[in-house]
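When the chains are written out, they are named A, B, C, D and E in that same order, and each has its own residue count from 1.
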Amino acid sequence: MGEKKIETKHSDFLLPSSAARTLVNLQQVEKIYPNGMIAVQDVNLKIKEGEFVSFVGPSGCGKSTIFRLITGLTEPSAGRLEILGGNPEAARKSGRLSFVFQDATLMPWCNVIDNVMLPLKLQGIPKIQQKEEAERVLELVGLKDYHKSLPRQLSGGMKMRVSIARSLVVNPGLLLMDEPFGALDEITRQTLQQELLSIWGKDPKMTVLFVTHNVFEAVYLSTKIAVMTSSPGKIAELIDVPIPYPRDSDFRTTASFSEIVTRVNGALKQ
Amino acid sequence: MGEKKIETKHSDFLLPSSAARTLVNLQQVEKIYPNGMIAVQDVNLKIKEGEFVSFVGPSGCGKSTIFRLITGLTEPSAGRLEILGGNPEAARKSGRLSFVFQDATLMPWCNVIDNVMLPLKLQGIPKIQQKEEAERVLELVGLKDYHKSLPRQLSGGMKMRVSIARSLVVNPGLLLMDEPFGALDEITRQTLQQELLSIWGKDPKMTVLFVTHNVFEAVYLSTKIAVMTSSPGKIAELIDVPIPYPRDSDFRTTASFSEIVTRVNGALKQ
Amino acid sequence: MASDVAKTIILSKKGSLRKQFLYKTFRSEIFLPVLAFLVFITLWQFILQLLNIPSYLLPKPTDIASAAFENGTNLIESVLTTAIESIFGFLLSVIIGVSSAVLLASSRIIEKSIYPYAIILQTIPIVAIAPIIVIWFGAGINSIIVITFLISFFPMLSNTLIGLHSTDQNLKNLFYLYNANRWQLMWRLRIPGALPYIVGGLKVSCTLSVIGAIVGEYIAGIGGSQGGLGYAITSAAMRLETPYLFACGLSASLLGISFFLVVNYISKRLLSSWHESEMKTEN
Amino acid sequence: MASDVAKTIILSKKGSLRKQFLYKTFRSEIFLPVLAFLVFITLWQFILQLLNIPSYLLPKPTDIASAAFENGTNLIESVLTTAIESIFGFLLSVIIGVSSAVLLASSRIIEKSIYPYAIILQTIPIVAIAPIIVIWFGAGINSIIVITFLISFFPMLSNTLIGLHSTDQNLKNLFYLYNANRWQLMWRLRIPGALPYIVGGLKVSCTLSVIGAIVGEYIAGIGGSQGGLGYAITSAAMRLETPYLFACGLSASLLGISFFLVVNYISKRLLSSWHESEMKTEN
Amino acid sequence: GCGKTVNTTDSSVSNPKENTASSAETSGEPKKVTQVLDWFPQPTHGGLYTAQVKDFYKENNLDVTIQPGGPQVSPVQIVSSGQAEFGLASADSILLAREQGIPIVGVAALLQKSPSALFYHKGDSIQSFADLNGRKVYAHLPATYWKYLKHTYKLDRVEEFQFNGQYTNFINDKKSLTQGYTTNTPSSLKKENVEVESLLVADSGYEPYYSIIFTTEKYLKENPDIVKAYVAASIKGWDFYKDHIEVGSEALKEVNKDASLEELNDEAKLQKEFVYGGEAAENGVGYMSLERWQTLNEQLHEIGELKKNEDVQKAFTTEFLPEK
């Protein structure tokens, strides 16, 4: 589904042009939680506008923490952190940020569509448009029959899909997704991967940061893969995936695909 | 790690001997939630003692619901349900049930070790033994340095591992795991798969019901795979995995492995 | 697993489940409470009769009933007066309690600076400020309502405030990242999230408002209006009509219980769909 | 994203963060409330001075202070007496309130059958049952404590009960499947989970207990040196010593505020590690 | 004509004009005044309600609102704040108020002395207040009368309990005493078959005037006509009530629905001696004398309730009483 739709600007180059602005810039960033836990240390990371960067790494290595730092939900204990040359606060205020938390994080007192419309509501978009957009993304994640359901009436994977729909209802400039597809079956996952690539492909400036435990997924989706190791959390390697888009499903069977998978797995095993 | 340990009774036969007792028996079971949602319908399923049955199927197809039915957390709207010839209530009272919910479900006011010790505490096991056992399973899931942490200080995958540790701290006769490894990276996942197989292998009467979205995982672990389809949730096919244990990691590269994977994927695509 | 478990077959049709449910509801919600009430009343009656306790000390239910009956119209009038006073006072305390909680919750500094005065309002003995209240609001119903408010608003304020501070951190992050302003955060997240606590405040506050109105009548007099239960209780006490005194006291309680039931009903409707404390069916 | 955003560099060492934090705490927790208090007092003083309102109507802070000073020892004695009564009454209401909530929560039938009587206890005007209280417990401190209890226990009961009914359904399932008995369910799950609500009850109840003790003194007080603030207030009101009346009233408030602060401190310690309402640091 | 002033020459109070009543009448619009009572409507207010229903106030061109009091209502504060023009208070309260700088003045004493008494069970061996030592007494403890009794009779071994408006504990303890009013307490207790005897507080020598109509110095100075007219009409009401108790009782019953006519009548009869007896028999209802005010002043100083040396003469005036 939708594979043909990906006839986009991104197909014109292997990687976002080197002229693209630096969107995210972490320099020697360290995060020590109040209980003394060193979550990440010496993190250096530059992400250009328009990239699709996946983060892989063992459980507890600090992937979510990096997302929290980038969005400004937590402050670094040391180091320097710039989002588009400014601080996370300013980036957030620009209103083009969107994200999927590791937990679905739905309002239990609102039904599915109200939960999905939330970002639009907060932006003050007209009601009718809110609804249209929400219905569109709910269809995308395969939940169009569940508008009126309450979160507690959904299965685990369905909740996560509502959360994904909510992140896509706005037109994000920077999209952060923390294991969005972890609770989904392979078929749903692949459909959503295509949808995500298609949305990303349409806007050459859209940047996606993506956490996954699935190396195939990381390689299939990303322009770059940040491989992390733990204790303390560090970025061990930043691996380029120099394959042009659209990548059809045959890509998964190519030699370059398996080569990169092997490289990522190798980096992970260190 | 531990692959050699699996020198167990299970290796003596392909499938649990046909003489084994029927542990779980669902006949034409149907579950309609109060809001009218038909979660599962016409479910027929017989599980013998000592089996390892995986459930795969699209998000929302009723896997968790079947678990809820088997444990007696919800009652079937129609059909017949027997656990060891009795009702779920009696099975639960036998005290040999254990499980991992889809969510970590930890008590936020207790630290990791207290959360893990809970099932033992509820059984009234002596304090010292509780601690020993808890430390053993925490080591198993790689969290031995986090005894005193509170759930909110853990990453998503770590919470899930605490939940897994809690399910293994007792000596379960019937273990139900609802996507236990979904939030874990590949390496941690494989380690825990081995641990789980080793525990299961040691007790020929131990039965595991296991939900996963990872078909490889399902095939690698199980004696049988229940492939489900949705709207309404049904068991489309029950696929045997007639490969003896211990299955070493080479098994993943054998032809019979890919053949079964293909069969499962085929059933899923219907 | 225990193999000696008797074979039990769960074979239930929807219809029979529903019937069973209705029957159970009836049994637990109506039948047993009524039974408990009858037992309570009967015991009260017979123990007093047996011990021969005089009615001026502790009247028997029959004495109370007949006293209530004899003074029927008066009693009803008193109850109505007190009911009106307490309803207004209660509404005031809900409105002012919740809105000040919202104000206080909007800034830590405001909270720290103003909260102590809320506690002062709650703990200062009403008699101490009664004259000022009467001077500002006139004797009678206005002052009574103000006093009712003073007595019943603190539980609203305190509970609402705790509720507003209990917002789920993940949802708060969500709103923060989507640039919610204070207003949106308050209305769309913090207040709905605080509802269970607000309901807790309502339950305490509505019963306190009855007490408040009665105390108010003591302190601010009955003004030009009809005396309520506070007045009836004082005069019954003076005239040593203990059974009627109890009739008045129990009427106050009944008033409180009715308020409570109304609040309970509203809370069920507000929360039933999502909050554990009011969820009935299997989740 | 907005490209015209000024470059800001976040470069903070732990030390400076801590200092900043302490400074902020000082500013919001101490400095501003004290400032607010001073402003409040000054305004009160000057407005009354300007409007030339006589002190028998509304005394100026200076009048109150000097009245408190003149009657210093008496005032302190009264405060101590009332403090003791309210502490005991409060403890009683906590113990009985929480334990009856536990009892009620353990069975829907018990709850439905008994809860109404709890509301009756709360709403029945104390004067109505004062004689029985005095007969059963003797006039003086015992009865005063009982009255304090009657006035302050309901918020404990009601809040705790709501809390006990708010147990997370998933955790309940967990306990159920691991064969927890009622007792374990209550102690290990429902009570810890209800703590935020219990704390809410404590906050309301501790301030009500001061009121309760004063009301108790009105109703069941005895003479001599034992009279607490209730007696002092009646007597000041009788002698129309408005400034001293206010001094007593404000002392009652201070008592209430101190109780509140103690409860607040305890609640912070109890909940700080896990409940949103008391979590300070980033999560 | 000008009231027969017994003692007051207070220059701050201008001489009321002749024929106040008719002059008030001719000034058009009726003057609105409010009278705050010291309790729920009861026979001690009978004359006022009689004046109201018999239109005596209207005749004097007054539009009077009678505002009932209650257990904690303070007429002194309501009047001194200007919320009402007239209040009711006993003489000791007026002196205590003036000590605090509250400028109120009594203009007519409706009861010459208080019907307050201490009751004990019939047959109990109590002869005088001195016998209270060792007994339980339910009384309004901060009240001046109680302090006076304690002081005068050296009652340091009395077990004092706050009177909470109920007699139950008294009934239950045969050796105890309770405060009450001779006009209604015995009949209430009789309903419960409790026979009592009493010591009238006034017999101890402490007998402040009771239920004094008072107003503020300022109001008195600015509206002497109205005060005059109001007092005149009120006294007229009391005089009428004396012989037509039922009229007052009816009126009281209207506003005090829990009382029965019979009770109101009985109480009014018992109360007559306090209203119309003593010096009032000679000088008319409302009469007050300087001697008794001075005695009270001395007594209150003696027990330490008053400390300043305020001029007793300023606390009351009989200037506005109608001529007898």
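Convention: a contact is a pair of C-beta atoms (placed from the backbone, for glycine too) under 8 Å apart; a residue touches a chain by one contact, two chains touch by 3 or more.
In UniProt terms the chains read A, B = ABC transporter ATP-binding protein; C, D = ABC transporter permease.
This one's a predicted model, so the numbers in the text were calculated from it and none came from an experiment.
Chemist: Quick one: which chains contact chain A and chain D both?
Modeler: In this structure, the chains that contact chain D and also chain A are B, C.
Chemist: Of the pairs A-C and C-E, which shows more C-beta pairs in contact?
Modeler: Result of the comparison of A-C and C-E: C-E.
Chemist: Relative to chain B, which chain has the most distant C-alpha mean position?
Modeler: Greatest centre separation from chain B goes to chain E.
Chemist: Give, as an integer number of Å, the spacing between the C-alpha centres of chain E and chain D.
Modeler: Those two chain centres are 41 Å apart.
Chemist: Find the geometric centre of each of chain B and chain C from their Cα atoms only, then give the gap between the two centres in Å, rounded to an integer.
Modeler: Taking the average C-alpha coordinate of chain B and of chain C, the gap between them is 48 Å.
Chemist: Using CA atom averages as chain centres, what separation in Å is found between chain A and chain B?
Modeler: Inter-chain centre distance comes to 30 Å.
Chemist: Can you tell me which residues of chain E touch two or more of the remaining chains?
Modeler: 72, 74, 77, 81, 165-166, 168, 172
Chemist: Specify, in ascending order, the residues of chain C that touch 2 or more different other chains.
Modeler: In chain C, residues 57, 127, 131, 135, 230, 234, 237, 275, 283 touch at least two other chains, as defined above.
Chemist: What parts of chain B, by residue number, touch at least two of the other chains?
Modeler: Residues 73, 93, 97, 103 of chain B each touch two or more of the other chains.
Chemist: Can you tell me which positions in chain B touch chain D when the two form their complex?
Modeler: 71, 73, 92-93, 95, 97-99, 101, 103, 105, 107-110, 118-119, 121-123, 150-152, 170
Chemist: Could you please specify the touching residues of chain E with respect to chain D in the complex?
Modeler: Listed in rising order, the residues are 72, 74, 76-77, 80-81, 93, 96-97, 99-102, 141-144, 159-162, 164-166, 168-169, 172, 305.
Chemist: Under the definition above, what is the set of chain D residues touching chain E in their complex?
Modeler: 54-57, 127, 130-132, 134-135, 139-140, 217-224, 227, 231, 234-235, 237-242
Chemist: Would you pull the chain D residues touching chain B in the complex into a rising list?
Modeler: Result: residues 170-171, 173-180, 184, 188-189, 192-193, 195, 273-275, 283 of chain D touch chain B.
Chemist: Quick check on the complex: what are the chain E residues that touch chain C?
Modeler: 36, 40, 65, 67-74, 77-78, 81, 83, 165-168, 171-172, 184, 188-189, 191-192, 256-259, 263
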